Every structure is written in C-alpha cells, then in structure tokens.
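Right, I'll just put the structure down here and ask away after.
To keep things simple, chains are lettered A, B and C as they appear, and every chain counts its residues starting from 1.
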Amino acid sequence: MNPATLDYNLSNALRASVARELRISTRQLSELFNPLLFFLVVVVFIPLGISSDPALLTKLAPGMIWVIALLATLLSLEGLFKGDFEDGSLEQMVISPLPLVWLVLIKVFSHWLVTGIPLTLLAPVLGLMLFLPTDAYWILMLSLFLGTASLSLVGSIGAALTVSLRRGGLVLSLIVMPLYVPILIFGADTVNSAAHGLSYAFSLAVLGVFLLFALLAAPFAAAGALKISVNT
Amino acid sequence: MNWQWLHRFGSPKWFYEKTGLWVVALGLCSITLLVVGAVWGLGFAPEDAKQGNSYRIIYIHVPAAVISMAGYYIMAIAGGVGLIWRTKLSFIVMRAAAPIGAWLTFAALFTGAVWGKPTWGTWWVWDARITSMLILLFLYLGVIALQQAFQHQDSADKTSAILALVGMVNVPIIYKSVEWWTTLHQPASIKFTQKSTIDPSMLYPLMIMFVAFYAFYFWCLLRSARAEILRREQKTAWVGEILMKGSR
Amino acid sequence: MTLLKLSQFSCLRDGEPLFEPMDYTLSQGDLVQVVGPNGAGKTTFLRSLCGLYSEFEGSIFWKGAPLNPSDFEFLQHLFYLGHQTGVKKTLTARENVDWYFGLQDGASPQSSEELLARVGLSGYEDVPCQQLSAGQMRRVALARLFGSQRQLWVLDEPFTAIDVLGVAQLEGLIQRHCETGGSVLLTTHQAITLPGVKSWKLRPCIREEM
C-alpha cells in the first residue's frame, strides 16, 4: 500500500462538504416549504383568534411575526443533525480530519439558507396581512435576516445535544427557547421602533452583535455536543 | 501540573466519607440561623412605613432569589469541571444542584407573587426581575429535562453540563435584554426598582437570612449529592457495606 | 511496526466493564477478527478505538504514543465502517463517494466511476441511493474501501448484506491490504477463509444480579 499522504487539502474538504449539504437541502424541498407553510397558517390564525381590526393587528404585527418566525425555526431544528446521525454520516464527520466546527458551521449555514432566508423573504407578505406599516418592511426583513441566523446557530446547540434522543423534539424546544429570549426582544423591538418611526439602530446593532457572538461561540458548543452524542 | 489531588477530591467514596460530619454541622447551622432570622425578621423587625407587614416576605424572597441565581452558576461550573477534568463527583454535584436551584427559583417567584398581591394589587407583573426569574426557572427545567431524557448516565451528565454552560454564558445577556425590554414597556404607575435605604433594624435579620439560606442551600446540595453517590455507586463494595450496616 | 497497543483495556457502560480487561498488540500486516458472544461489546470496542466511544478504562497506544482520537495524524490513517455506513439516500452513488473522499482525504472530485465499477455498480453512478437495494447501498460504502489509502481499517460487520461473489472480492481486498503493510480489525458472523487471521477475544464480565 502507498504510504498515507499527509497533504490533506482543507479547501477540497470544505468544498465537498458545502456541495453535499446544499444538494441535500435542495433535494428535500418539503423541509423548505413546511416551516414556511407553518409561518403562513399561524399568521392566518391571529385575526381569526383575536380580531381583524387593522389598528390592533398593526400593533401586534412586529411581535407576532417574530414569535412565529422563532417557532418555525424551532420546528425545523430537529432535522438539523438527525438524518446524519441515523445513517452514520455523523460518525464519518466526527472521525474525519476536518474539524467538526467547520462542519457544524456548514450545516447551520445551509439550514439557514432553507429556513431563515425563505422566512425573511416571505415576511413582507405577512406584514401586509397584519397591516404592518409599509415603512417597516425593509427593517423587518433586515432584522429577520440577522435574527434567523442567530436562531439557527443557537438552535444548533440544542439540536446537537438532543440528536441521539428518539423523541427529542420537545426537549429540544424546551432547552432552546429560553436562549432565544434576547433575539426575540431585540428583533421585535427593531420592527416595533421602525413601525412607529422611532430609531431602531440600537436594537438592530444588538442583533448584529449577538449574531457575531453566536457565530464565534455556538459552533464550538454544538461540535462538543455532537462528539458526546455519537457516544452510543 | 499534577492534578492527582483533584481526582482524589473527585472520588465519590472519599467525598462521601469526608462529608458525613459536614452534613450534620450544616444542618444544625442552617436550621438555627433560619429560626433566628425568621423570628427576628417576622416578629421583631419594625413595620415598614409604606408597605406595612407585607414587606416581611423579603426575608424569604430576596435570599431565595439571589441564591437561585448563584445556584445556576454553581451547577454550570460543576458541569464544566466535570467536562474538563472528567471527575465523577462534579457531575454528581451538578445533578444534585439542578432541582434545588429550580425549587429556590420557584420559591422566589411564588413569594414575589404573594408579595405583589397586597403591594401592587396583582399577582403578576411583567417586571424585569420577575421575568428574568421565570426565564431562569425555564433554564433550570431545561437542564433537568435533558438529564431525564437520556438513558445513559454519562450522556445525561455531559450533555446537561454543556447546556448549563451555554446557559451560564447566556444568563447575563438574558438579564440585560429583559431589563432593557422593561424600560420600554413598563407602565409608569408601578415603580419598585428605585433605590431605597433600608434601616439597620430591618437589615440585620435579612443578613442572617442570607447566611441561613446559603447554609441551607449547601446542606441540601450535600445531602442530595450524597444520596446520588449512593445511587450511582450502589454496585460497589463500599456502598454495599454501608447498606448492610444501615439495614442491621 | 506496532500500530495499536492495548493495555488492560475494557469498555465501560454506566461505569461497569463490558468485558474483561485485555492486552493486545496490532502490528502492520495483521488481520484481526474481534470475537465474542452477542452483547460482549464488539461494536463498542471498535468504536472506542475510533474515538466514537469514550467510556473505557486502560490505555490505547498508537505507534507508541497514547492515542488521542481527535489527533489529525491518527484520523488520516483510520478507515472506519460501521453498522450505519454514512451513505446518504438522497444523494447519488457518485455524490456519496465523492463526498467521502473529499471529506476524509481532502481529495478533489475524482473519477469515482472506477471505484463504483469495482463494486459492481457500473451504470448506477447517477442513481439516487434510495432507489438502490440494501446490498447495493452497502456496496456504495465499500467502494470507499477500494479507494482507501489508509493504514488501519476498522470494519464492523463488513460482509453484511453482500452476495457470495462480493464476499470473495472483499476478502481479496482485505488480504491485499494486509500484504502491503496495512492492518485490519474486523467483526463478522461469517466464517472467513483468509490465512493468518488472528483473533482477539472479548470475554464478557459476569454481572452480578442484585
């Protein structure tokens, strides 16, 4: 046999991983549409359950859209590592020379690409249905753009911790939701301020800082959790 | 560096044998202080000028709230030590700390509500500190839920330790955001975050209660850690001996 | 050269040893079958060597130094095939093989056609794996083995779900690997006909019922 070569090409490994994740996400389009549909259906429930009064809905819109986006993300999180855990790909990732943190980042990024981004793009439609002032649409989208990325990152820790549980979905929601509090507060406030014509710069900046922080810390926690989760 | 001492200290057997007397001492200490503090605070401290007698619940509420917060850090740090140095004992302490902390958080919330009714005329207010307390309770319950969800002790210990550490990093962020959030939504009619000076005659029993609660907390922690040690080591010879002695 | 050395090694489950502590050495060119009754911990044992199971006592040495399972150098010499092979159903056979070599070897997408042809999957390169049979899925995983340059192969039940011809071919591959300086650790329920097979016995600990 040939002596094993140590010239491991990191960029090839990253490219192969990104290509795989994107292929898998785009081939399971139901996973793309289900959270979106959930988002839409719950928004329909609000006027049905509370009131169709435009003034009241205008008031509720920023918070409601944010709460529902959060729940939709939460629903999609269980599948983040589950498939790879069940078919053994996760083991191969853990024992690959490519550091697991990179793989977590790639997986979270492709998760965000098929949940966070579509939610962000759909948000103006929901804003329209809930009579959100049109001035706030761009800010709504911008806040969701930053916020859903944080949701995916923080959520990946919970998904990694519960991936080996047979019915981990509920536990996953329980452990992740308290961690979402800051994102919800500043996300909803950004939109609220924009809707009232107030300054939203501070809240938006906090969302950005939180994202940066999550980007630096969450993948390490998730990678550590995955290493424990494959211990079966 | 030599970490041998840490592993010796981390040995459940060593810990169990050394802490037998501590339990008794802490128990006596906490009960005495609790009785003294409660009698002084509830019976002898002067009545508050504005709130009357209802303020006296702070003698339970404030220590419970502070220690439930500290307890989360104790739990998370124990978990972190376990993850890094793989000491069995730290996970045992962590496991014991979670329910105690959750109960103290609940006690703080409950006494807060009981205090709120006569003071503000409502059981619940979306105040920064109360809301943060509630989220802290959720954080505790999340750790407990994760501990319960795993069949294997090792997975349960390590995953919940990671969660507790992530929670620990998040706690200040959550507190700050909730605090900031209430500045936006707080109705102006209710104000209770203002700094007020407290008379020494009210302060001394409060300080006693603080010490008493800390002693009580560590007493409970030690007792349930010792019980957890026996549960986990039940198949070993030394626990067998203890059980034999007890049943004789 | 000695690759792996185990000393007083035993896997634990909830603090209890699964099998009696053992001392074994794996050298270059060795073909070892791990044997033991069901539940003795064969799979757990193989996983612990790969760093996929961390509850054990005793020590493992890799080329003379204590094994660190997240060590870059070690991971570049390890090939592991588990019960779950890591073949993704939504991807095609080619995509699966290319991903594997990209991730494990940092290789650029190469002609996986040749490897797939060697495991008898010519013409199936671009078929999504969910349309393949269980045996064919296994073969996609085995195609990696045909292209593997790694020194230590850890194979958990590699002969599962493949036909007689496939077994013979795989045995040939394993033998060639050992002859050229590689080492193989495997478990199987089938009788293997290769010469020079050593066996490592896992003796389950007798559990006292309480």
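Structure notes:
Keep this in mind: contacts are C-beta pairs under 8 Å (C-beta built on N, C-alpha and C of every residue); 3 or more make two chains touch, one makes a residue touch a chain.
Everything numeric in this text was worked out from a predicted model, so none of it was measured.
If each chain is reduced to the average of its C-alpha atoms, the one that sits nearest the average of all protein C-alpha atoms is A. With chains reduced to the mean position of their C-alpha atoms, the one farthest from chain B is C.
The interface holding more C-beta pairs in contact, when A-B is weighed against A-C, is A-C. Centroid to centroid, with C-alpha atoms defining each point, chain B and chain C lie 47 Å apart.
Centre-to-centre separation between chain A and chain B, using Cα means, comes to 32 Å. Between the CA-based centres of chain A and chain C the separation comes to 35 Å, rounded to the whole angstrom. Contacts with at least two other chains are made by residues 152, 154 of chain B. Contacts with at least two other chains are made by residues 55 of chain C.
Annotation for chain A: residues 231-232 touch two or more other chains.
Of all residues in chain B, those touching chain A in their complex are 83, 135, 138-139, 141-143, 145-146, 149-150, 152, 154-155, 158-159, 162-163, 165-167, 169-170, 173-174, 176-178, 180-181, 184.
Within the complex, the chain B residues that touch chain C are 152-154, 232, 234-235.
Contacts from chain A toward chain B in the complex involve residues 157-158, 161-162, 164-165, 168, 171, 174-175, 177-179, 181-182, 185-186, 189, 206, 210, 217, 221, 224-225, 228-229, 231-232. Residues of chain A that touch chain C in their complex: 1-2, 4-10, 12-13, 15-17, 19-20, 23-24, 27-28, 83-84, 86-98, 230-232. Of all residues in chain C, only 13-16, 55, 208, 210 touch chain B in the complex they form.
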